[in-house]
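Presented below are the structures under discussion, each in the form of C-alpha cells.
Presented sequentially are two complexes of chain A, the first with chain B as partner and the second with chain C.
Moving on to the complex of A and B:
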C-alpha cells in the first residue's frame, strides 16, 4: 500500500475543483471546445464520421476512438495501429472496455487474479450518469473478461468507468513520462490540480480530504525497434472500485512461486470526470503537443470493418485463445508446503483434506512438467504411496487450463477410487479458479 | 599467451586431466565453435531485464531482423531483434528469469550445420558465468552513465562476443601467437591482428612488431599498391567512440542555435592590462574570459547547466566546463571544474594543464568524463567567422566561438553627429538541447553571457 508522505498544503484549490473531486459523477457540461461542433459527442457518432479507419493510417498525426467495449477487439485495434502506421506518425487511441481484468504480457493469472470470483456474476457495466451512447446492449452482459495484453507491467481492472489511452510515437521522441505528463496536464486543466506522475510512471492524485496519494492511472509499454507504444488507464467513474482488490487477490498466491512480473498494489480512486470531457481534454492536450496544419478530427473506428480486417481478426483470435491467456505464463511452481525454492509459510489447508496430503507441481507453457502428490487415501486396501506416484505420473503433460474440475481429473488419473477426491479436488478447484 | 614449448606442456596436462580427473573433464571438453548471445541493452538506460517468451527454440534458425526473445524491463515489453544469421543452440535463461543484467549470457548461437545436440549440457559457467545484476533504480552517476571518449583507450574487450571456450585445447588452436602486451597495443592502435607478422621467437608477434606496423603508412589493411586511388585507415576505438557519441547527440538532442555578435574590445583591453602586470605568473587568453563568462551566465540561467536523464532533469549546482581540445588522436574535452568559483588565473592554468595532459594522452577518466556545459573555440583560425557545435551528451548546451574580426560600428558623438569606429567582435553560437532548454531560456542565457563579455568588469560582481 502507498506510504504516507508529507505534502505541501494545497491552499489554492478553487471551489469548482473541490466540487469535481468530491462528486464521483461529473455534472459539468461546459464544453472545452468553442468551435468545431463536429467533435461534440453527438457529431462523432454521426454516420459520416464512421469512415473506414484504414484510410487514415498514413497521416502524420492520427486520433482514434473505439465505439466498442470488447477488450479483445480494442487491444487488437491498438496492435494493428502499432504495426500498420508509418514509423514517423504519432497516434492517439482512446477506448473503454466492459468489465475485464487485464494481466501483463509475462504475468501469472493464477497468482494475480481471483479467477473464481471473476467467473461469478457479471459486474455492473456503467454508472447511471454515464453517456448513454456507450452503454452496451443487455445481451452484452457477461462475466468479467480475462485478458493478457501484449505490453509489460502489472494487472489492472477495466470497466466503462475507466478509460484507456494509447499513444504510439517514433522511438527518438519517446520517454516513459512524456505522455503520462500529457494526461496529467489534461487532468489539471480539467480541475484536478494535485495530479502528478510518480516514480513508477503512475498518475496519482492527493485529494485534499486526506494526505495520501491515490493511483488513478497506470502505464505499460511495448517498444519495438521502430515504434514506441505507451498505454495507460484512467479511473474516471468506476462503480466497481470496491470489487477490485477482491478480484486481484488470488487464494493461490500463497502457494505459487512464479517467475515473471509481479504486480505492485496501490490504493486507487476515481478522478470523477465525465468520460467525454476527459476525452476532449486529452485530445486538446495531444493536439497542442503535436500541432498540425489541418485540424485532425477524432476518427471513430468502424467496428464492423475492424472485425473483418485481417490483422485484427488474427490478433483477436490470439488474444482470446486459452493458449495465449493461460499457456503464455512463464514457469511456475505450486506447492502446499514450504520448499527450498519457496520457504514461505503456507496457510493451513481446509478441513476434510487428509493431514498427510501434500502436492507439488511445476507448470511451464501451461503444461504440467512435474507433478507430485502424496498422502491421498484410497477406498481399496492398496499401497497408497505407489498409487500416489502412479497418479502423479499420469498427470504430467496435461495442460493446466484444460482441467475443468480437479475432482474428476484426480479421479480419472487414479485406477482406484480416491476417498478424498471431493475435498482435495475441490480445494484445488478453488486454487485454480474453477469453483 | 603461450610459447610453443609451453603449449606442448599444456596439451599434456589436458590429456592427463581427462584421465585423472573426470570431474574436470567437462571443463576441458571442447564445444563446437559458437557465439554467446548476451542480454542486450535495448535502451540507453537499461541495466537489467526479465526474459519473456522465446520466439525460437533450440534447433531453429534465425535471420537478421527476426525476434529472438521478448524482454521486459520496467513495464516495457520489448523485442530483441537479432542482427545476425545462425541457429539457436541452447537457451541459458528461461522465460520468466528476472533481473538478468545487461551483458550476461542468455543463449548460445551456432552456424548452420552445427550439431545442436552437442550443447545440451552447456551451462552458464561454460559461457563464462555471469555478473550479478546491478541494483535497479539507484541514482546513476554521470560517470557510470556516460560513454566518454577515451584518449588512452582502456584495454578493449574481445572484439566479438565469441564464446571462445577458453578451454586450453581449442584456445591454443585459435589464439594468435602474440605477447599479451603486443595484443593490447594492437587493439589500442586499431591494427588488425591478422595483418601482423611476428619477429619474435617461434614467430611470436612482439610489441616492436606492432609499433612498426603502426608507424608504417601501409600498415592498415593489405599493402597498398603504388599509385593507389585511396588509403584506408582502420577506425580506432577513439574515433569510434567520438562517432557514436556525436551520432547519438544529433539523434537524441533537438538542437537549436542562438548566435550573438559580442563586442570584445573592452575585454581585449582588460586582458592586455592583466597580462602586462602578470610577471610570468599567468598568461590569460580570450578563452579563459569566455569560460568564466559561461560560469556567470550558467549561474544566472541555471536551466542551461542541466542534463536530461531518465525521468528527471538534473540541474547542477556547479558549473563544470568541458573545453574542446584538438589532439593528434582526435577531439577530447577535458573539464574545468567549478568555474563559478575560480578566478581567471585559476581557469587559465587549469586549461593549460588539461590541454597538455590531453595532448600527452595522460588524462584521467574523471578529468574528461562529466561536465555540465561545453565550449569549442575555433577563434585561432581566422577563416572561421562562426560555426555551430554538436552538444556533448548528456549535457544540454555547447558554445561555439568564432574568430575576432574588426567591424565598423556607428557611434554617436557628443555633438549629436554619428561617425564610425572600429569594434572588435566575435560571433558565438550556442547550441541548445530543446528538450531541456526552451528557446527563450537559451536566448536569456545568451543575453547574460553577452552582458558579461561586453562589460567584463561585471565579472567582479
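Moving on to the complex of A and C:
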C-alpha cells in the first residue's frame, strides 16, 4: 500500500495549539486538548521520516482521543476538528460511545429504530477503557441514546465494546477505501488475517468455522469544500450483539414509505481485540501512512474544556435537539393500507381497531403536511365522516415529534369524544415508539 | 463537491502536482474568459458546481457538473438549499448523499436562493442522469438572484473549456 505523504503546512497552526494558547492561560490542564504522555504508544512507533522543517506549532498530522463516552459530545468534537483544523492537516480521532443507535444524516428514525425498545430497556455497559483521569460514567442506567450524525450512510449501534475511528484529510487525498484499508491492515497485524474491505466499504471478517462474511466495521463520509471526513465503527467486544438486530427493527417500517436512505442489514461479529491494542495498532498504521517526527502526539481531549468550547456547545445543542434528530427526517408517508405509491401488503391491525379504520399521512421536516383518517367511531355518531375530516384537518401542521401520546392528540383534535381513541391512539403510540 | 469527484481514484494533493514525473499536458486556465452581457453564461467551480447566469446578470441557475455526478455514484438523497437565503461564494447551500457520503454543495458565487428543484427530493437519481440540465425535469439544484458581488465572483470561475481541461488534468493524476 502506497504511503501518501501530505504536504506539510507551515502556515497551519493546529486547532489544538490554538485552543491551547487561547484557553490555557499558562495552565496546561485547562486546555481543551492535552498532550498525553507516551503511555500507549511507547515502543510501538518509529518516527522513521523526520522532517526538520516541521515545528511543534504547525502540526500537519494530529492524533486525538476522547475519554468521554457521550455520543453527542464525541460527534461534536469530531465536527469541531472537521471545521477547525488547518485545511492541509491530517487528523486521526478515536472514541467510544455509551450504548447508542446512530442513524445517518438522511435517515428515518421511525423506520430504522425500535424506539419503544430503545427508550425502555437500558443496555449493559462494558467496562469502558477510560483514560485514568476521566471520571466514572454517570450514565450507567441511561437508556440507549438516539443520535443523527452529520455523515451519510446507514444506522449503526455503538457501545463501549465498539470503537469509532475518524480520519479527516484534504480532499485530494480522499478515497472511500484509503482509510478502511488502514484499519484492515491494523486488524491483520493484530491477528485477524481474514479482515478485508468489501464492496460496500465495510470491513468484514471470514471466520474459518463457517466461511461466511461478518461485518465488523461500517463506514460513512462527510465531505465539505475544504475537508473530507471518513469515520467508521469497529466492533471489538460488544456484549450487546444479540440485542442489536431487535433494536434496529421498527414495527412501523411496514407502514412507512420514506425518502432518503435505508439501511442494509449485515450479520455482525466482534473481532475480539482489546481497545488499547486496537488503538495502538491503528495509530501505528496511521503513522506509517503519514510519518511525523513527533512521537508524543496522542492528544487526549479535556472533556471539561471541550464542553465549554463555543462550537462544540453549539454542535451538541444541535445534535441533541428533537428538531435535528426527528425534524431532519426526509419526507415520509404512513399508510395503514396499501397505496399506489406503496402497494406492499400491510400487517393486520390489532384487535379493537374498527374494521373500517384507515389512516394516511405525510410528514415533511417533522411536520404533518396532509392527514386523512377515516372509519373512527364517535360517541355522538351523527356524521362520523365529517368528524373524521375535521379531525384530520386539525392535525395538519402539528409536529410529529412533539406528539407524546396519540390518544390525547386524537381526542383533543376532535370536537366530539372518540370511541376508539384508546385503541387507535395506543396503536399509533406503538408505531411511533411512544408506548 | 470538492472531494467526491476525486473519490474513484488515488489522487494527490494538488500542491504536489508539480512533483509528478509524467508531464501534465494542460494546465488550468481559469481567467481566459471575460464576462459578456449579451449571452447566458455558464461557469464552473473547481469544486464541480456550475452556474448559468442570465444575460441580464441578475438571475442564475446552479447545479453540479456531470463529471462530479459520475464520480458521486448513485445519488440517493438531495438536501436542497433553503429558499430565500443569501449566501457567499463557497458557502454550503445543500448536500447530496451517495454511497454513504454526505457531500456539501457550495454556492459558486454570492447569491440569494429564490427557488429549489423539488423534483430532486422525489427523484434524486435525476442528478445522475441530467446534472447539467437547467430546464424543467433537469438535475439543476437551485435558482438564484445575483447582485454585483456575485457577478464579480464569476471572474474566478472557469468556462466550459477551461473546466474540461481542469478535470482532464485532475483525472491524469
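Basically, the second predicted complex is superposed on the first by the 365 of 435 C-alpha atoms of A that agree within 3 Å, B and C clash if a C-alpha of one lies under 4 Å from a C-alpha of the other, contacts with A are read in each partner's own complex, and residues count from 1 in each chain.
Basically, contacts are C-beta pairs under 8 Å (C-beta built on N, C-alpha and C of every residue); 3 or more make two chains touch, one makes a residue touch a chain.
Treat the numbers as computed from the prediction; the structure is a model and nothing was measured.
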| item | value |
| --- | --- |
| Three-chain arrangement built on chain A, chain B and chain C clash or fit | clash |
| First (chain B), second (chain C), both or neither touched by A:258 | first |
| Partner chain(s) touched by A:170 [first = chain B, second = chain C, both, neither] | second |
| Partner chain in contact with A:88 - chain B first, chain C second, else both or neither | second |
| Partner chain(s) touched by A:201 [first = chain B, second = chain C, both, neither] | both |
| Contacts of A:226 with chain B and chain C, given as first, second, both or neither | second |
| Partner chain in contact with A:150 - chain B first, chain C second, else both or neither | both |
| Partner chain in contact with A:324 - chain B first, chain C second, else both or neither | neither |
| Partner chain(s) touched by A:106 [first = chain B, second = chain C, both, neither] | both |
| Selected from 7-15, 79-87 or 403-411: the stretch of chain B that, after superposition, runs into chain C | 79-87 |
| Overlap of the chain B and chain C footprints on chain A, listed as residue numbers | 104-106, 150-154, 172, 175-176, 201, 219-225, 259-261, 330-331 |
| Chain B to chain A touching residues, read off their complex | 42-43, 50, 52-53, 70, 72-79, 81, 94-98, 137, 251-252, 310-311 |
| Sites on chain C touched by chain A in the complex | 1-4, 6-16, 47, 76-77, 79, 90, 92, 95, 97-104, 106, 121-122 |
| For the chain A and chain C complex, residues of the former touching the latter | 2, 4, 6-7, 88, 104-106, 150-154, 170-176, 178, 201, 219-226, 228, 259-261, 330-331 |
| Residue ranges of chain A touching chain B (in the complex, touch as defined) | 104-106, 150-154, 172, 175-177, 199, 201, 219-225, 258-261, 328, 330-332 |
